[in-house]
Amino acid sequence: MSFPLLTATAVLPALGAIATAAVPAAQRVAAKWLALLVSLGTLALAAVTLVRFDPDGARYQLTESHAWIPDFGVRYQLGVDGIGVALVALTALLIPFVILAGWHDADPMETGSRRWRPTQGFFALILAVEAMVIISFEATDVFLFYIFFEAMLIPMYFLIGGFGDRAHEHGDEAAATQRSYAAVKFLLYNLVGGLIMLAAVIGLYVVAGSFSLQEIVHARADGSLHMATSTERWLFLGFFFAFAVKAPLWPLHTWLPNAMGEATAPVAVLITAVVDKVGTFAMLRFCLQLFPEASKWATPAILVLALISIVYGALLAVGQRDIKRLVAYASISHFGFIILGIFALTTQGQSGATLYMVNHGISTAALMLVAGFLISRRGSRLIADYGGVQKVAPVLAGTFLIGSLATLSLPGLAPFVSEFLVLVGTFTRYPVVGIIATFGIVLAALYTLVLYQRTMTGPVRAEVAEMPDLRVRELLVVAPLIALLIFLGVYPKPITDIVNPAVKQTMSDVQKTDPQPEVEAAK
Amino acid sequence: MSASAVHSLWTTAATAAEPISKIDAPKIEYAQLSPTLIVIGAAVVGVLVEAFVPRKSRYYTQVFVAVVALAAAFSAVVALAASGYGTTKAHIAAMGAIAVDGPALFLQGTILLAGILGVFTFAERRLDPEAHGNRVDAFAAQASSVPGSDSEKAAVKAGFTTTEVFPLLLFAISGMLVFPSANDLLTLFVALEVFSLPLYLLCAVARRKRLMSQEAAVKYFLLGAFASAFTLFGIALLYGYAGSMSYATIAHVVDGTVTNVDPALAGTMGNDVLLLMGMALVVMGLLFKVGAVPFHMWTPDVYQGAPTPVTGFMAAATKVAAFGALLRLLYVVLPGMRWDWRPVMWAVAIVTMLGGAIVAITQTDIKRLLAYSSIAHAGFILAGVIATSPDGVSSVLFYLGAYSFVTIGAFAVVTLVRDAGGEATHLSKWAGLGRRSPLVAAVFAVFLLAFAGIPLTSGFAGKFAVFRAAAEGGAGALVVVGVISSAIAAFFYIRVIVLMFFSEPKPEGPTVAVPSPLTMTAIAAGVVVTLVLGVAPQYFLNLANQAGVFVR
Amino acid sequence: MNPVNYLYLSALLFTIGATGVLIRRNAIVVFMCIELMLNACNLAFVVFSRMHGNLDGQIIAFFTMVVAAAEVVVGLAIIVSLFRSRHSASVDDASLMKL
Amino acid sequence: MENLIALLIAAPLLGAAVLLCGGRRLDAVGQWIGTVLAAASFVIAAVLFADMLGKSPEDRTFTQHLFSWIAVGDFRADVGFQLDQLSMTFVLLITGVGSLIHVYSIGYMEHDERRRRFFGYLNLFLAAMLLLVLADNYLLLYVGWEGVGLASYLLIGFWQHKPSAATAAKKAFLVNRVGDMGLSIAIMLMFTTFGTFAFGPLLGTEGHSGIAGDAGEGKLTAIALMLLLAACGKSAQVPLQSWLGDAMEGPTPVSALIHAATMVTAGVYLIVRSAAVFNAAPDAQLVVTVVGGVTLLFGAIVGCAKDDIKKALAGSTMSQIGYMVLAAGLGPIGYVFAIMHLVTHGFFKAGLFLGAGSVMHGMNDEVDMRKFGGLRKYMPVTFVTFGLGYLAIIGFPGLSGFFSKDKIIEAAFAKGGTEGWILGGVALLGAAITAYYMTRVMIMTFFGEKRWQPDAEGHEPHPHESPSSMTIPMIVLAFGSVFAGAFFSIGDRFVHWLEPVTGHSEGDSPVSALTVTAATMVLLVVGAGIAYLQYGRSSVPVTAPRGSLLTRAARRDLYQDDFNHVVLVRGGEHLTRSLVYVDHTLVDGVVNGTAASVGGLSGRLRKLQNGYARSYAVSMFGGAAILVAATLLMRAV
């Protein structure tokens, strides 16, 4: 029995969470450091996983399988394919930055009871989310996945509702209600999605008699498990609904702007860069593999929704007055691209989508965290409250610009590669869809540059005149992310090599092959 | 014609002058009835204690007797189960009056554990400020005296306490132990009354808010009696239908396996109208006890008015006992009637799930809120009952086990949050509790999440088990409704969490009393069970599975 | 005469009792009506017992009486204490808890 | 030797990295680092050029493969370079003019505290532009394409505290994005059609020809049009020309380098580079020529009306690029001349801009020509160099413009048929207008009496000659403007140089070369003459007169901007605002509505719980009745 690497990757942050929560009220700083170290440890483990993972090896590697609830036919079954391992790495990578960026976000403002320990709670919750996200990336048992898919809502919910932009509200009751509204909205949307998925999960068990992904996929492949078309479609819809809420896909998106707007920047990053990825990931892993036929059946509708998300999200981003909400709508647009790539059912599309998940995670983290630093300085989320920051805090402005450029997927930065792959992947099968999606890149330029212009350029406003430039801690957060953006933009091979085989597998699951060019190149 | 036949039957009976043969003494398997007997005995002892033990030491004696008895009874149950009475040796005891089988033992075990925790919460006397140097519990000093009257003041001054609650509790438990294992309608009815009557009384003896307490008692009593009258009439009709009280016989008649029907009695014997009406009325009586819509309306008022420890115990144990009886009735007596009662139960389950969840949304009192949530849960459990499969039984058993602990724990937490007027049950008072005492708030949050059925809590495991059974039983639509109503339900549980954690504490808000180890144990047990059953439910599922078969 | 008629009688009594419960305000009277329902059941038991020619029904009738007696004890106790603290035995006055 | 290609790009890229990440400690030396690295790149280019000249025309294509960039399924994009005569031409132009302008900027930006960053951006631009012309596949070209866009964005908006500058920068980027859309769609089309978008297999290298021609004409036309769209964006061709005028907000060296000499000509490069595609798609070619023709008139007309010297020059740039695109659209008969005009234009237009910059430098950054006048005695060097550039651009015999432009006009006629006549006519007309507006600029700036007054702060501008760091580049460029054309044309040097790449064919022109030249000369004199009569004779009013309808239209860029504003900007604003509303009320409203209705239902059901035991009993009784009835019914049914 080899060392259970995957379990360790998930368990370490979980234990870390408990430990952090247990740190006595007085030792806030200790709690912070503990959390940071744990997250770094997790990163190390994830790195080991990445190294141990052999792209050309078996489909699911580092697998672990133990009986858990035989009565429900549930096994504790872990295993990663290229897609999973990439996303685990992404999660483990981002959390330290999130923690570092949120270093002071949870220092207690008001004097609650002496047992009230917001700081410990904040970091413990972040680690808890990390643990749950990681395990749901690793789970190859539908039920196991579902459990953590649902459970991660709770810590997330406390993170959103419990901690807001502090500078922005000193005992401000309105802001507090706003925040709890956002938190509740987040929870209810995802809970409804999850519960509907629960019905589908139960249905799946009734039909398939097992929760093991591989078993079901094999059984379907060799025909030993037959699903009636209508059943398969209903189950697919049940699953897809939950994932579409999480992703989020238009018109189920409205919780995201509230959540990201009200939460602190690091938490917002946690939502959009980490937690939401579970949704798109699950589409790729569960929807396509469990219900290939239904997936193909639903593709047209989903593509349309994805297109709407892309354009609609971008347009609304243009119309926002609030920096964070703007980023949120931008993310909606980007998730549109991801889903587009997944359901274009081409190699480029799916590899692109996976790559997109990673890149979007990094780029949004960069942009959102810098935005958070900006907001924490001025104490306002309104774009109109800024102007001329570039002159006062050039480094902040510069990093913000790079973040923006990444968001509009400028060639040379990571997101370009993934976005172009998604577009090509879509175009090869659905040219019109591809072209419409391409409009997204113009709109992206519009909202990011408008944001940059309104906040950073122009005459220096009095309120920002004294604004300090990025501090060392903040630079430590941003610089590596930017470096990563550039590196992956120039040399995405490390990821694509890992992802491609997994995508090939998925493609064969749905029995699709890429369309061939009409003129064969003279090789 | 038939009348004359009957007449002749009598006359022959009268004229026949052979000597009346000795009534042979009934054969009672005392060992296998020991759990019940122990509890009843202890209750009687408790009464004697009231009579003879000096007032000062009554409290301790009573608590001691109760705990010991319940523990003994529980170990007896375990012993029986261990020696296979739950599975292989399952059989009908006491001349066919009582069944000793898996479901019976499982539920008895659950009830007894709930009872022990109940005793703990009953015995809690650190929460209320001391009156005249005497520690006081949740019960009136002298239930008979008018609240606020001189006699009561005197009683308080004298340090009286209503220690009768313990024997009452024991009587109730004994009734509950019999209820799910009753194997004929008479036993069913008697057990029903035996556990109902003490509960009526217990509802009436709150120390604070006595008027509400008494009102609760009156409502509970009148409605309960009303319901049991219906039950009794139903029993009568079933008797009329089958000519017997015993489940087995009725079942046979239902299945038409009884051949020797006196043609003279064809008018009644095997008359389906009697059967159907009787079934409906008996089932209605049980639905009243489980608090299913539309027989639920007593629940909120009683839950709110009764002393919180009583509410907790009642909410947990009554549901367990009543569902046990309902299961046995439907699975043992009326399986042949499945196609008649299933549609009706479908409807009941649906309105119960939705009704409970929807009305709960606008509640402002935590106890009423929990009451409505208990209604919604009754609906979920009904979904499992309808499955009519071994899986259905075991899932219901599991759900009941999980649910009872969560409930007792939750109400125990409610007893801790107090202000000048006793327990602060109005939700607005709970605002910002998470800031004041994060631990208590967190614990309560765990219970709420369990109620909401969030994964990694027992609530989820139970819900999944029940829904899965229902789905496999072909009640997919029911699962969908259940899912929807759980979504609705989630909303108000979350509302409470929001209130506790995200809203600013009110300056004149309630304080959280530090309880004695008794209540702490109850709460801790609740949390532990909730989490264990959430994370590693397999062991208990196995228990439930083994216990999933009724003896006929 | 056909014992079935007694069944009708008992049904009638039962309904009367139930109606009484629904329409009378005084707790005592309501309770009496419930007792009436129980007795209606007794009648039914006896009749069925006669029709079936076994004694179960009659025995049950005794049980029922005992139970009824117990209920009286408990019920009156509760009602009386309510009356003493409210100086009214009207079930409608006891409506503190609602909604 | 071929491995040097990467260095071409690496040098300025390094400069950009160092300067932008270096922080304040480099402020003092920043300009030197930047300039040296630019020059270094030029030297490398020269070395490669020499090496290339050493080889026979057939194997003058250098390639360098660095690494595989993206590889997913059949989709393969490498990072590799291809340096052939065409790229070489550009490399020399870019690095050469680029280096000069670096030198110029040392003087021009002397007093700007953010000078270091300025040079960083310039280097970034060089790197991106070189990548654009050196890439060996379209996707990599795309990277350079957007890279120069970014650099231009940063440099136009360099004075970000000026809202106008920031807006102009944003506008430029956005308009370019529309073009980029075309490019990316073109690439996707290539991938779906050919399974590749690398130059080698697609366009063919010397030796074997590519597969570009094999596809159906419809597909090819589509690809070509998409490429044209891209070109329009980058090269400010109608309908995507609107950004160029505003781009003049940037520092003048930027206008000279990016918005005159190099970046804006990238579109022409793209078309000529994709010759293989265009040749197989005649319809697309026609569209190209039309776009070119329209733009050259459009730009010229706009140029006539502007009083802002830089905007006037911008208009002229637009128009000159129009010539190039027109030529490129003509196919093999035009490609070479398009590039040739591109190069000469690179010299004289850069020179003109630097001259303009020098003037502004002397006039407290005044740009309104109506406030100039008679400057020739204050800044002689500027006057001479500017004058030479002027003569070159209007095509004065013997100077660069004369050769390159004339060839294009001939080629236009040589297209044959009515199109030939129309295009040729347009080209000729353009020449006349060019003469007019350039003369206007010349006169208003350097002749007549001085018209400048004290500015807002009240101190009088003291026109003076610029420092040598600025004049020397101007002089060098002036040389280029004078002799380049002749050098290229004598013995058709340039034609032979490019032929292996672009191919070349002499179309048979309906009109002889001589007539064309003659006609050009006449029109040139006419245009210049009118300008002289208008501005040379009569004195120039300091405040612009209302002017004719056409003038007013031209001042407002023929209302094309207003059109954009009304249709796109306003429309967009309304769209977004209404969408925000929809999102809030409809999408969100539905959900909240359901929640609210459930709440309302709850409130109503709650009323049933009225506290009266008897009503509870009623519900029980009713329930029981229903239960019984239902059970009986179940059986009955």
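Going by the order they are written in, the chains are A, B, C and D; count residues from 1 in each one.
Note that contacts are C-beta pairs under 8 Å (C-beta built on N, C-alpha and C of every residue); 3 or more make two chains touch, one makes a residue touch a chain.
Predicted model, so just to flag it, every value in this text is computed and none were measured.
**Q** Quickly list, by label, the chains bordering both chain C and chain D.
**A** The common neighbours are B.
**Q** Counting only C-alpha atoms to place each centre, which chain is farthest from chain B?
**A** D
**Q** Just to be sure I understand: the centre of a chain is the mean of its C-alpha atoms, right? Then which chain's centre is nearest the mean of all of them?
**A** A
**Q** How far is the middle of chain A from the middle of chain D, if each middle is the mean of its Cα atoms, in Å?
**A** Those two chain centres are 37 Å apart.
**Q** Where the centres are mean C-alpha positions, what is the separation of chain A from chain C, in Å?
**A** Result: the chain centres lie 65 Å from each other.
**Q** Based only on mean CA positions, could you tell me how far chain B sits from chain C in angstrom?
**A** That gives a centre separation of 23 Å.
**Q** With centres defined as the mean C-alpha position, give me the chain A-chain B separation in Å.
**A** Distance between chain centres, rounded to whole Å: 46 Å.
**Q** Where in chain A do residues touch two or more of the other chains?
**A** Residue numbers touching two or more other chains: 188.
**Q** Where in chain C do residues touch two or more other chains at once?
**A** Residues 18, 21, 30, 91, 94-98.
**Q** If a residue has to touch 2 or more other chains to count, which residues of chain B qualify?
**A** If we look for residues of chain B contacting two or more partner chains, we find 218-219, 222, 226, 230, 300-301, 491.
**Q** Which pairs of chains touch each other in this structure?
**A** Once each pair is checked, the touching ones are A-B, A-D, B-C, B-D, C-D.
**Q** For the complex, give me every residue of chain D touching chain B.
**A** For chain D paired with chain B, touching residues are 595, 598-599, 601-603, 605-606, 608-609, 611, 613, 615-617, 619-620, 622-624, 626-628, 630-632, 634-635.
**Q** Can you name the residues of chain B that touch chain C in the complex?
**A** 2-3, 6, 9-10, 143-144, 146-147, 186, 189-190, 193, 197, 200-201, 204, 210-212, 214-219, 221-222, 225-226, 229-230, 232-233, 235-237, 239-240, 243-245, 262, 265, 267-269, 300-301, 304-305
**Q** Can you list the residues on chain A that touch chain B in the complex?
**A** Chain A reaches chain B through residues 67-72, 112-113, 115-117, 146-148, 150-151, 153-154, 157-158, 161-162, 171, 173, 176-177, 179-180, 183-184, 187-188, 191-192, 195-196, 198-199, 202-203, 205-206.
**Q** Tell me, which parts of chain C touch chain D in their complex?
**A** 18, 21-23, 25, 30, 91-92, 94-99
**Q** Please name which positions on chain D make contact with chain C in the complex.
**A** Chain D reaches chain C through residues 606-607, 609-614, 617-618, 621.
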